[in-house]
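Pasting the structures in now, so scroll down.
Common to both upcoming complexes is chain A, partnered first by chain B, then by chain C.
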Partner chain A sequence: MSTVSWITARGLFGRRRFLMLLPLPLVLVALAVLCRSLGVDPGQWGPPVLVGLGLAVVLPVVALIVGTGVLGAEIDDGTVVHILTKPLPRWQIVLPKLAVAVGVSAATVAVPLYVAGVLADSVRLGLALAAASALGALAYSALFLALSLVTRRPVLLGLVYVLIWEGLLGNFVSGTKVLSIQQWVIALADRMAPTELLSTTVSVPVAGVLTALVSVGFTVLAIDRLRSFSVAGETS
Partner chain B sequence: MTTISASPEAAAPTAAASTLDLAGVSRWYGNVVAVNDVTMRLGPGVTGLLGPNGAGKTTLLHMMAGFLAPSRGAVTLDGEPTWRNPGVYRRLGLVSEREAVHSFLTAYEFVLASAKLHRLPDPEAAARRAIALVEMADAQDRRIGTYSKGMRQRTRVAAALVHDPQVLLLDEPFNGMDPRQRLHMMQLLHRLGDAGRTILFSSHILEEVEQVSGTVQVMVAGRLAASGDFRTIRRLMTNRPHVFAVRSTDDRALAVALMAEVSVTGVELDRAGLTVRAGDYGAFTRALPKIALAHGIRVRQLTPEDESLESVFSYLVEA
Partner chain C sequence: MSEPTGVIHDIGYQRYTGPRLGRRHVFGALYLHGLRTVFGLGRTAKAKIFPWLVVGIVTLVAAGITAVRSQIGEVVMTYAQFADSMSWLVIFFVAVAAPELVSRDLRSGVLPLYFSRPLPRDDYPLAKLLALVSAIWLLLGGPQLVMFLGAAFTTDKGMSGVWDELLDLLPGLLYAGLWAAVFASIGLLVASLTGKRAFAAGGIVAVFLMTTPIVGTLSILPSRTINELAFLASPSTLVGGVGTWALGDLLVPEGRGGGVPIGDFGPVYGVAAVLLVAACVALLLLRYRKVAAR
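Moving on, here comes the complex of A and B:
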């Protein structure tokens, strides 16, 4: 484990905000268990729990907390200077941090989605949801990591993207769904385990290519922005 | 604006010594000019960067450390630009003003992490050496969050020194330190300077730099106002004209008597009392009671005026 990822992980788990990650996945599993034990038809509870809660809320919110935490929190409190005053090429800082963000988000989201998928339909759906959400975690993490370098309010901007763009506009302007990570994840999961429970709006090739583009593009952007990282001009 | 004559470098540059060069460096934010056309060369030894708050010291340090692009001009370390060039950190260490540390780590873990990030061949030994240098070995296994301010500062210095850099930049390193810690830090900086390192620290408190024997660069309002030997600047500072407000039982008689005193350069009489200008602080304050006693006048009030840092620094600029 590289020193950068070690410090990043220690910083992430050492902050109180990390505790915010726990309730959402627990609620997801609890709802799935409840519906299943009450014998509700999966066609009824599947879409709102798996998609409405799991893919539309738990995945992006967890990725947002973690993705802005791995670098944005260090920028906020100034500790990032300790890592930046080292003769490391900047990709050696961005990639380990991205890896930690993706790993933590994917683990936090994929496990409850797997459980919920199994309860709703089959192991195959569970695995498909887990794999697709891991890919989604990659795209979201790259986006939010880059956001913490281009704006001073990455959490706010990230929320605007998740809630307004993906959540709200998608319902009215169907074109916005093409640029929605959430829709790509649904398309990819449906491809891996075709089911009635998931309704796709984007074609699989488009989803695959855009997921890759977003992941790589925002990572490259983050590396470039970190190269020209300026300490805020506060004089004392 | 005149520049106080610069003294020769305190220590002769060694073969491995590094030079930090600023050539016509300016930095502005929109319409606000934070640093205005600063040219300086920093060689081995301890240099103090002095100036009142808001003079642009931190902005200048950030440009030196590669954390800010100059709007104009160039900052180079041994000929290499510091901006967008992480390679310079092999030879440069920075202790920033913001007291940001990973408080969940112990000092040893923190310094060791720095050593590893520098890819040092023996990071454990380097971390122990740096911690010993700042005399933090006893507390090195406690979490940084439990430290006093001075201890945190020393830990940060250890982390910045772990790779034995040729150049060390410190932004307000004495802030919040007690006199003993300050002396200790100053001694450490001098040891490093004497060993041929290039050390630059900033400060807005004149008294802090009293123990400095090296060179001083004075910044006022974004400009390099004076640079040179500390003793010369110190002498100018003690010999600067001081202004006192004096009230007594007989202001007019006292004014006449004071004009005969050598240390007094001017007296102004108005309804509120006397405004006395003196060239020498000590001589005037010693002479005043004697003069008053000799003329049977009682001094009711003696207050030094115009003692703000800004006035001292702007006096230096005019000197």
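Moving on, here comes the complex of A and C:
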């Protein structure tokens, strides 16, 4: 474990606000257990819990907070200078931070989704959801990490993507679903464990290729942006 | 040891003897400044991007609805349904505005400066809250006015048509006020907990978004009572429930199949909304007791 990833992990876990992330997965598991114990038909509670809460809210919000936090927090309080002045290639800064972000978000999201998936249908669905959400965490984290280097307001721009692009436009203009990480995750999970619970209009090859493209592309962009990074104060 | 020989010269500085504006003016100034901050007025272009993006989208939707109505004569959305369908944008607007209002002051540590003025401790959060409520109300009310003007000028029943339309608009504006009160008090409370704007924005969105699927799940449980009480779980459906109970047919005309199926629990929703706002305001005031004492 390199020093950069060690520092990043400590920066994430060492503060009280990390506890803010815990209620999200807990609610997910609690709702799944509640529905299961009351004997509701999984076909009814599956979509709102697994997709509506898990893949549409918990995954992007956790990835947003963690993904912009790993580098954005250091940029905000100016301590990023300490890392930048070390004789490290830029990719050795970006990749460990990305790895920590993906690891933390994937662990926070995949475990409750696995439990909910098992309760809803089968172990296979649980594993599929966990794997697909880990891939989704990779794509989201790369996107938000790059955002925190491209703009000074990464969280708000990330919220525009999650709320307005995926949430609002995805419901009204179905064409935008092709460019929505959430739909790719659903498509991949549905391919790994075909059930009635998950449905999407995006085809599996498109989802797979675009997920890989986004993950790699935004990581490269982040490394490139960090090459010519200028330190500035807080935006007005 | 010799006597000190220093002399204090009177170089003619004068005390201020003019009128001193009191608490009311401090409150008013704070409120006006808060309202301007929310929309980024008097600040750089960067601060205007996100608020005016939301205002632009909302106005565009209202203009589209008005155009459809005047050309085809079909009512796409009533005033209340407009407020309901804009809920995601309102959440985003709160996530932009609330940290801007309170988190910056917490982070830069200027609160002692505020509290050294003739400003009671509770006035600061209340002025900020009032500014946010007004901003959200304007955000929802402005487009409704656009829709009203469009409908009023294309009505073919003369003055009585305009009057009917006005009677539809007023409950809509009242409903927008309810939206504003609930969303502003929750948003400002969450934002006042942290000095980091990024975390405040994430927290607000998490609180609002997480509660919506809970409603979806509770409303399919095999119990009619739970189904009808399910809408208490999320702020936006809570507002919808109160609107259905208090304004009823005024919001959604007969036969449009709108409203929230709350059964006979209408008063419960009313009480819950009042309690929610009161609790949030009380916690906000408590929070500023603590912050101000630091």
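Note that in this section the second predicted complex is superposed on the first by the 232 of 236 C-alpha atoms of A that agree within 3 Å, B and C clash if a C-alpha of one lies under 4 Å from a C-alpha of the other, contacts with A are read in each partner's own complex, and residues count from 1 in each chain.
To be clear about the criterion, a contact is a pair of C-beta atoms (placed from the backbone, for glycine too) under 8 Å apart; a residue touches a chain by one contact, two chains touch by 3 or more.
The model shown is predicted, which means the values in this text are computed figures rather than measured ones.
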Fit or clash between chain C and chain B when superposed on chain A: fit
Touching partner for A:61 - first (chain B), second (chain C), both, neither: second
Superposition-derived comparison: chain B or chain C, residues of chain A touched: C
Which of chain B and chain C A:123 touches, first, second, both or neither: neither
Which of chain B and chain C A:213 touches, first, second, both or neither: neither
Partner chain(s) touched by A:39 [first = chain B, second = chain C, both, neither]: second
Partner chain(s) touched by A:22 [first = chain B, second = chain C, both, neither]: neither
C-alpha centroid angle, chain C to chain B via chain A, nearest 10°: 80
Touched partner set for A:173, first chain B, second chain C, both or neither: neither
Which of chain B and chain C A:150 touches, first, second, both or neither: neither
Partner chain(s) touched by A:53 [first = chain B, second = chain C, both, neither]: second
After fitting on chain A: smallest Cα gap, chain B-chain C, Å: 6
Chain B and chain C contact sites that coincide on chain A, given as residue numbers: 235-236
Residues on chain A engaged by chain B in the complex (per definition of touch): 3-4, 6-7, 10-11, 14, 77-79, 81-90, 227-231, 233-236
Chain A-facing residues of chain B, complex: 29, 34, 53-59, 62, 65, 67-69, 83-84, 86-90, 92-94, 96-98, 100-102, 104-105, 113-114, 116-119, 159-160, 172, 204
Contacting residues of chain C [partner chain A, same complex]: 43-44, 46-47, 50, 53, 57, 88-89, 91-92, 95-96, 194, 196-199, 201-203, 205-206, 209-210, 212-214, 216-217, 220-222
Chain C partner contacts - residues on chain A that touch it in the complex: 17, 20, 23-24, 27, 31, 34-35, 38-40, 44-45, 48-49, 52-53, 56-58, 61, 64-65, 68-69, 72-73, 76, 152-156, 159-160, 162-164, 167-168, 235-236
